[in-house]
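Note that the chains take the letters A, B and C in the order they are written out, and that residue 1 is the start of every chain.
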Amino acid sequence: MPTHPEKVYFFGTCLIDLCYPQAGLASMALLQREGIQVVYPQSQSCCGQPAYNAGFPEEAKKVARQQLKAFPKDYPIVVPSGSCGGMLKHHYPKLFADEPEAAEARRFASRVLELSEFLVKVLDVKLEDRGQPIRVTWHSSCSALREMRVIEYSKSLLRQLRNVELIELQRERECCGFGGTFSIKQPDISAAMVADKVMDIEQTRATRLLSGDCGCLMNIDGALRHRKIPIPAQHIAEFLLERVHG
Amino acid sequence: MAEAVVDFPRNFAQALNNQQLRRNLRVAMDTMGMRRRTLFADLEAFERLRVRGDAIRQRALSKLPELLEQLERKCTENGIQVHWAETPAEANQICLDIIQRHHATRVIKGKSMVSEEMHLNHFLAEHDIEALETDLGEYIIQLDHETPSHIIVPAIHKNRDQIARLFHEKIPNTPYTEVVEELNTIARQVLREKFYAGEVGVSGVNFAVAETGTLCLVENEGNGRMCTTAPPVHIAVMGLEKVVERLEDVPPLLRLLTGSATGQLITTYFNMITSPRQPGEKDGPREVHLVLLDNGRTKIWADPELRQTLKCIRCGACMNHCPVYTRLGGHAYGYVYPGPIGSILTPQLEGLENAGAMATASTFCGACEEVCPVKIPITAILRRLRTESYRQTAAPNAVKGHGCKRNLAESLAWQGWAFSNATPWLNALNATLLGLTGSHLSKLPQVGLLKRWGQSRALPPFASKSLHALAKEKGISDE
Amino acid sequence: MSNARTNILARLRAAAQEPAAIPETVSLPGEERGRADPVTQLKRLLENMHAEVLVTDRRSWIDTLKDALRPRGLNGLLYGPAGPLGPTLEANWDSGLPPLVGYTQEVEQCKERLFALDAGITSTKGAIADVGALILWPDVNEPRLLSLAPAIHIAVLEADKIYNSLADAMVRERWAEGMPTNALLISGPSKTADIELVLTFGVHGPKELIVLVLEAV
């Protein structure tokens, strides 16, 4: 990976596209602040993971092929999600292992970086906190934790913010119960898992929940709102941008 | 012997609503996880060790037919009689024949998951043979006519009050006590009498060493040694994948097993049996039998990806760390092997049409793989099983019941999704439509997917403008 | 059931794949073990598992044993008269000690008695420092139940037979060239945690393990 590249691709993820576009804009703004030119290919869509995990790899492949086409140049691909990032980086090479695109998929995968990983590892960003004191807690998505292994990058960014107190969850390494189609195929188990996660969050007395993955956020935020618990859930990029703007 | 049809949704709902069970499990699984973490605190050393464990198991499986023949040859030389069974029914019959040949009616059993797979106790009972479980946890659940809910700690779903009541009601002249030491003493008294009255001992096998013809058993209580030492006949039942090539393969696997299972450096006893009582010896069984059970394992073995399922050394760590298992317990899965390993093994043994739902009971969080001492790619195999549930195929290694879930509605939905996501203009149109209508989702009748999501969560907030649209508005380059 | 054998092996042979690259299982450079003196390390680990460890020497171990047994008021000590400890025990036994009971008959003739005795004593083939376990190879002279049936198991270990690890013992003693009928590792008294994971000792096997470690004089 080149140090401080001039240009990067931004893969927005379908969930951010449809539900949390502000997280996407904030991510791109954070990159632009560092003098990076951001390219957002309009022909991108979804990484294909929903179908891949549900048992429809052929359909996943169709969608994945579209992403291979949408990001043709040799720029790093920055992804504001451990889960989608994991799909692009670790599963595309497997998905296309026996296809003509095998080599292309491997090259594509090698260019993928999760947002906080890129900000810390490649750009070595320094953030100045201009916000009021706040107590936050952090949810690690399973893919960010175990597949992309980028949680320490995310937390190191939060720790740069002097007015931000980060209270860690008791069971930070435990899944929130989203799991994509799992949440609708096994709604009862999923509900039990997110209920425990919500309890854990409440116990921190944090006033905001942060994460690097909008799938988990959609699940946990939905559960928080369902219970009328006034703890807003926010993607880390939006939070970081808010803090540096003050 | 097939299990009754398992009603997964009902089982899952019942388990989730059982608050006592949830509490018992949570405390127990947290404790087991903590003990394991303490033992394997040096993560780099653990990684080196499990890389080695993985390689040992892969090597053994790569030579499986040769090693099984070598094991048979060495065991026979040592005086151990080897039997082969393709099905549980055959394995049960082999055991019964041996027991009946000795006119025995009292069998004492050490812990064995393969014997659970065979439903051996039930089968023997039908032939008027008492098969008594002697592992404390197994004894407890046998008293209550239950099956193990965990492969290492079979009675973990019960707390001491429940066990106290059980002993008081089921064991004659037993006062009610919740003191764990006293409960142990009660069991010790009952079982010690059984040990010297037992006519045949049945055990499982943790590892079988082809090089020397040695059966290895790992245990803490001493009941396994009792069952394999005191009665005149010992029958060991074993899944045929448990063979390892060399004696030197045993120490790393043993360390991985005890550390992963219970966070122990080593168990109280590690029992290596190489032959029956030899001339001049004063004890030990006069006959040792080894029953090698296939029950679908050779079919699993034939596929290079699925074969990895057979690396399992049955430590149970995947269960202890699984967010689904720790909320359901083992019984909800409805089959002998629960949790992540059960969810990949059972559908392969029983067919996707019966047990395929187990493969959907995972978020792919990967906690199981992180702790697996032999690096079984559990999520990849779960994904494969989900795929095969929808895919009818002529491939020779296809999982039993492949294509059982194929249905037009789901296929069309995913095809439509794929078409939209692979067609930029259509994707943009859909985003616009969702932006216009998404905020009205909550006004729609809450059925189907909406209901499943919405019963415990507020609906996701669809944005009025997609990121695609906003990026274009902000003039972000599209190159 | 020889059909089963044929069918199973035929299925495996038919499906046999090109051997994939199997990573070689190289030995690990120095398995995790402290630099502590082996006796100290073994003692610490065995005591953690509720064994009682008495460090003594080759000359006075019999006195250490007698001192340990005298106050306990046991109903007998099971031993192997033809085993390595037999002559020393017989030559030095005196009144006030639990009577010596030789394990000389086949188990079928003495089963109830074995299970009723308070203590049994065995030699050991060595011990393993990195996990804290004794190695026993029961044989004609010291049968298997000696270390299992009585309520207390006393094991006599020579300090110079402590190996670093199980692998170390296996290699140095060439176990693979001839395994005994039964080989055991024992790391403490019998225990269980099957009820609420509460660790309790003495469930089926011995309730106590007493280890005499004999150092050179």
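Here is the rule we go by: a contact is a pair of C-beta atoms (placed from the backbone, for glycine too) under 8 Å apart; a residue touches a chain by one contact, two chains touch by 3 or more.
Note that the structure is a prediction, hence the values are computed from the model and not measured.
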Chain contact topology (line, ring, star, complete or other): line
Chain pair, most C-beta pairs within the contact cut-off: B-C
Cα-centroid distance, subunit B relative to subunit C, in whole angstrom: 30
Distance from subunit C to subunit A - Cα centre to Cα centre, in angstrom: 54
Subunit C, residues touching no fewer than two other chains: none
In the complex, subunit B residues that touch subunit A: 9, 12-13, 16, 323-324, 327-328, 360-367, 369-370, 380, 383, 386-391, 405, 414-415, 417-424, 427-428, 431, 434-435, 438, 449, 452-453, 455-463, 465-472, 474, 476-479
Touching residues (chain side subunit B, partner subunit C) in the complex: 24, 27-28, 31-32, 42, 45, 48-49, 51-52, 54-56, 58-59, 62, 64-65, 68-69, 83-86, 90, 94, 134-137, 140, 153-156, 158-160, 163, 180-181, 183-184, 187-188, 191-192, 195-196, 211-214, 220-223, 225-226, 229-230, 232, 240, 246-252, 254-255, 262, 265-278, 280-284, 292, 294, 298-299, 301-302, 304, 397
Subunit C residues touching subunit B - in the complex, by the definition given at the top: 1-2, 4-5, 7-9, 11-13, 15-17, 19-20, 22-26, 28, 32, 45, 49, 103-108, 111-112, 115, 128, 130-133, 138-140, 143-145, 148-149, 165-167, 170-171, 175-176, 179-198, 200, 202-206
List of subunit A residues in touch with subunit B within their complex: 10, 12, 14, 16-22, 24-25, 28, 37-43, 45-46, 48, 50-60, 62-63, 65-66, 73, 94, 142-143, 146-147, 173-175, 177-180, 182-195, 218-219, 221-223, 225-226
